[in-house]
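Next, two complexes with subunit A in common: one pairs it with subunit B, the other with subunit C.
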Partner chain A sequence: MTRAASWAILLLGITYFVLPLLGMVEFSLSMRRGEYSFDAYAAVLADPQFRQTFSYSVVMALLTIVFGILLVVPTAFWVRLKLPRLRPVVEFVTLLPLVIPAIVTVFGYIRLYNTSSWLPLTGTIFGTNLLLMFGYAMLSLPYMYRAVDTGLRTIDVATLTEAAQSLGAGWVTIIVKLILPNVLVAVLSGSFVTFAIVMGEFTMAALLNRPAFGPYLQLMGANKAYEPFALATIAFIITWACMGLIQLVTRFTKHDKAGR
Partner chain B sequence: MSFLTISHLEKSFGVTRVVKDFNLDVEKGEFISLLGPSGCGKTTVLRMVAGFESPSAGNITIEGREVSSLKPNQRNIGMVFQAYALFPNLTVAQNVGFGLRVKGVPAREIAARVEEMLALIGLPELGDRYPFQLSGGQQQRVALARALAPKPQVLLLDEPLSALDAKVRVSLRNEIRAIQRELGITTIFVTHDQEEALSMSDRIVVMHQGVAEQVGSPFEIYNAPATRFVAGFVGTLNTLDAQVLDPATGRVKLGENELTLGRAVPPGEATLGLRPEMLRLGAHPGEAALTGTITELDFLGSVIRLRIDLGGQKLAVDLFNTTRQAPPKVGETVSLALNPADALVIGA
Partner chain C sequence: MTDLTSPPPKRRWHPSLTWLGLLPFALFILLFLVLPTMKIVIGAFQRADGSFTFENIAGLFTASILSSYWISIKISVASSAFGCLIGFLMAAAMVLGGLPRGIRSPLMTFSGVASNFAGVPLAFAFLATLGPLGLVTMFLRTEFGINLRAMGFNILSFWGLTITYLFFQIPLMILIITPALDGLKREWREAASCLGASGAQYWRIVALPILFPTILGTFALLFANAFGAVATAIALTGSSLNIVPIMLFAQIRGDVLGNPHLGYAMAFGMILVTGLANVVYIVLRIRSERWLK
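The block that comes next holds the complex of A and B.
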């Protein structure tokens, strides 16, 4: 293939991806007739419902990330260290959220945890929030587990664990001081993906009736013209900022060449 | 009572017994090597001492304290691994001080001990580096310092030199031995390299198929192997089938040659073991003489190794290389001198 053909294909690809985005941004700036303005963004940012739903989803995303790390890092570590034969089974389980629709899961939750059940989580706001966080953690499981497992693959988990044990370290010390720092980039990758999933998730939040950003996006899309595009642009900026942060963390991790 | 006692140790994985009735008494400050081929059970024994494997049977005691049931982090045993196993996210100084931090030693004492350890391994200026910034030899030195920093009762070395190149391996083994002597720490060293075991150890345990075939000093292991396996595994050994002519005097027939060993041997067929360096070219008064034909000649630098056909049996002979004498030629018929006392009669 000639150099010119390669460039042509590259340009075509870039155009394919960038043109719709430019169109979206351009439209989001066209609220005022005859000139570009940030009116749609101002309207969105001035909306108290935006601030409420956005901050709710950010808090939920952070809690989901913490819960996901606490669940996934020790699990992936233990499976690699002690139960390598169970790895395919665990991988299969973590992939299930990709094939089971969120609506099925959330109806399952509502049936299992409704007010007349043995664990009536939906009876309180705190319980429903907790349920939603578990749901988010489940949705992000395929990405979080894969990221952490890939990170663990780059270090000799068994030998590092034995070395730490021979120096007197217990399991908590090993996971917190040795394993987690060595898979930090992987954990952050999984965390940013989790963040993006939670910020845009609609089904679970809507059916559990929680004031999240996803349902707000849907509401705006159904009732306004320019504001949804401003919101979509904001969502893209957040996602790209997360990607940029992953790159930054990767670059500034001093020991990233070690332990291979 | 010995400092470290291993009694009737057994280990099975499923139906496979990988360690069988292993017994060993180690004195304080002794350097013991477990030597054997891959899969002989030497690393499994070491891992049971460290606590990473649970024995199927038997006991391990250190200073009279039974440790078999203790977790690895409760045994106060230092270990150095083949793959270095330095913590990639910690600097050299943090790696060395890790065990002390886990124990809750005050920061000032940790700093002093780390400094002392880095000086001991000859890397005082590398405390701020990360493991990936070090060579293999430097990483293994740091791993040694890390294992020694918490002052363990026993040091375990699991093939620590295997991943290093030949020159570094030789210099580091001398350093390890010097540090071990200086600290007087009881050490168990696992290796499949007989040269390492012979050069470093106070005593060697030769292992084969999960069994300790012989325990002895390097001199005993090399010169008086107890079994055919030990004789064949440690050093190069010519094994020759001989017919016993006179069991009382040890007169045997080797091909067309006859040899009197001067000691009693069992009647019938015997297997003789001859080290290549025990044989010399030419006739020497008072020594037995054998005649054979040179079939191969390998120039190995300081040594010239000849392959000699001795009436159908092959024999390796090592000669020192000297500029004063030209090496013999392939096809030449030569006579070989041997002190009969050097010939080993190999048992089962």
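The block that comes next holds the complex of A and C.
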């Protein structure tokens, strides 16, 4: 491939990716006729519904991250240490949420945990929130598990555990004080992806009727002219920030290791 | 896990205790993935009174549902084919095209962002660009007198949705194919040219056959990805385009098909299509790993 052709392909590709972002930002700034302004953003920020749905999604994202860490770190650690033969199986299972579309999973939730079932989670607001959090955790499981498992690969789990045990540490101490700090970067990467996924998620929240940011975006899109584009820009910045932070923490540790 | 702390387990005597560590994870998967999916699959083969039937599956073969599957499949095939092609070309330009190495890291980071930037905001971005009042639409009309609408282009259509889906399909392809392109050994190319192969021959006879499983596997992955995408489609088209995820969404919300078990059957059909695509992906992935180590 010649260099000129490479440049041409790359520039065409970049144009395709930049134009929609440009269009989105341009639209979000043109609420005032004839000049650019931040009016749409002001309108969005002043909307109490924006604040409610946004903070709801932030809280849900944080809860999902905490739950995800509590579930994934001990599991990945245990599989590496005691059940290495099961590793491919567990890894395959963690990829299943990518195979089964979210709309199907949440359909199952609605039918399985309705008010007349054995576990009526959708009967109460708390129960529905809990169910939504489990759904989010399921959506982010492939990313969280992969990140943590890759992190565990870089440390000698068996030796560290034996050393800790001979010093009298219990399992909880080992996981909290030994494993977690060692895979912190991986856990953070997984957490940022989870945050980005939860903030933008639409299907599950909409079908479970919870006031999250995604359904609010869609509602605004159907009813307002300029505000949706301001919201979309905000959503894009959140995604960027999350991915940027992953790069940052990964790079930070690389320097850390090079210094030793 | 607390019961494992003391006394230290002697593994030979309590083999079952080791499995206990997987219990929380297994329970989570069972309750929030396996059982809900089973509920859908079983429901697809049940009447309202719970008796076994093929009526729901047969009910899928009506004109409106079949056409929704057909449109969904067409959009998924088109967006994954173009996604693979363009993603491959961009990755090849980046890895093999002699471009400065500084381009690589930002492009990969951007791919990571863009492949995660799906859903409702993506739909808005394309509405603002190719919609009736969008940036590109207006620019073409005022500067060149080209009226996209009059030419039959509509963002709320097959091609509109396909172009929009490409925004997350191309980056995904770039992310997956770049390591594979890195795995092409320089020696292969040198050996080929020693034997007198031209650049085109090298690609046709050596490189593409090696990359083929990866490319086809990624195609399957992208296909499943597009087939299950709900939010972008709903935010972009409302309910004007009759594709499977939109129909299923409406069915779950308000039983528009008038038969709850037909909804199960539709969802089952979705699992079947995405499941099949993923089986293809996994099989081809295993094949491709033989060469690209």
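The rule is simple: the second predicted complex is superposed on the first by the 229 of 260 C-alpha atoms of A that agree within 3 Å, B and C clash if a C-alpha of one lies under 4 Å from a C-alpha of the other, contacts with A are read in each partner's own complex, and residues count from 1 in each chain.
Note that in this section a residue touches a chain if its C-beta (ideal position, glycine included) is under 8 Å from a C-beta of that chain, and two chains touch if they have at least 3 such contacts.
Since we're looking at a predicted model, the values are computed, not measured.
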{"item": "Partner chain(s) touched by A:Gly170 [first = subunit B, second = subunit C, both, neither]", "value": "both"}
{"item": "Partner chain(s) touched by A:Gly123 [first = subunit B, second = subunit C, both, neither]", "value": "neither"}
{"item": "Subunit B versus subunit C as contact partner of A:Leu19, first or second or both or neither", "value": "second"}
{"item": "Partner chain in contact with A:Leu86 - subunit B first, subunit C second, else both or neither", "value": "second"}
{"item": "Touching partner for A:Asp156 - first (subunit B), second (subunit C), both, neither", "value": "first"}
{"item": "Superposition-derived comparison: subunit B or subunit C, residues of subunit A touched", "value": "C"}
{"item": "Which superposed partner A:Ile9 touches (first subunit B, second subunit C, both, neither)", "value": "second"}
{"item": "Residues of subunit A contacting subunit B in one complex and subunit C in the other", "value": "165, 170"}
{"item": "Of subunit C, residues touching subunit A in the complex", "value": "1-2, 4-6, 8, 18-19, 21-22, 24-25, 28-29, 31-33, 35-40, 43, 86, 89-90, 92-94, 96-99, 103, 109-110, 112-114, 116-130, 134-136, 166-167, 170, 199, 224, 227-228, 230-231, 234-235, 238, 245, 248-249, 252-253, 263, 267, 270-271, 274-275, 278"}
{"item": "Of all residues in subunit B, those that touch subunit A in their complex", "value": "50-52, 71-79, 81, 83, 85-90, 98-99, 102-103, 130-132, 143, 146-147, 150, 156"}
{"item": "Complex contact set, residues of subunit A against subunit C", "value": "1-3, 5-7, 9-10, 13, 16-17, 19-24, 26-28, 71, 74-75, 78-79, 82-83, 86, 90, 93, 96-112, 134-135, 137-138, 165, 170-172, 193, 196-197, 200-203, 206-207, 214, 217-218, 221-222, 228-229, 231-232, 235-236, 239-240, 242-244, 246-247"}
{"item": "List of subunit A residues in touch with subunit B within their complex", "value": "155-156, 159-160, 162-170, 173, 178, 181-182, 254-255, 257-259"}
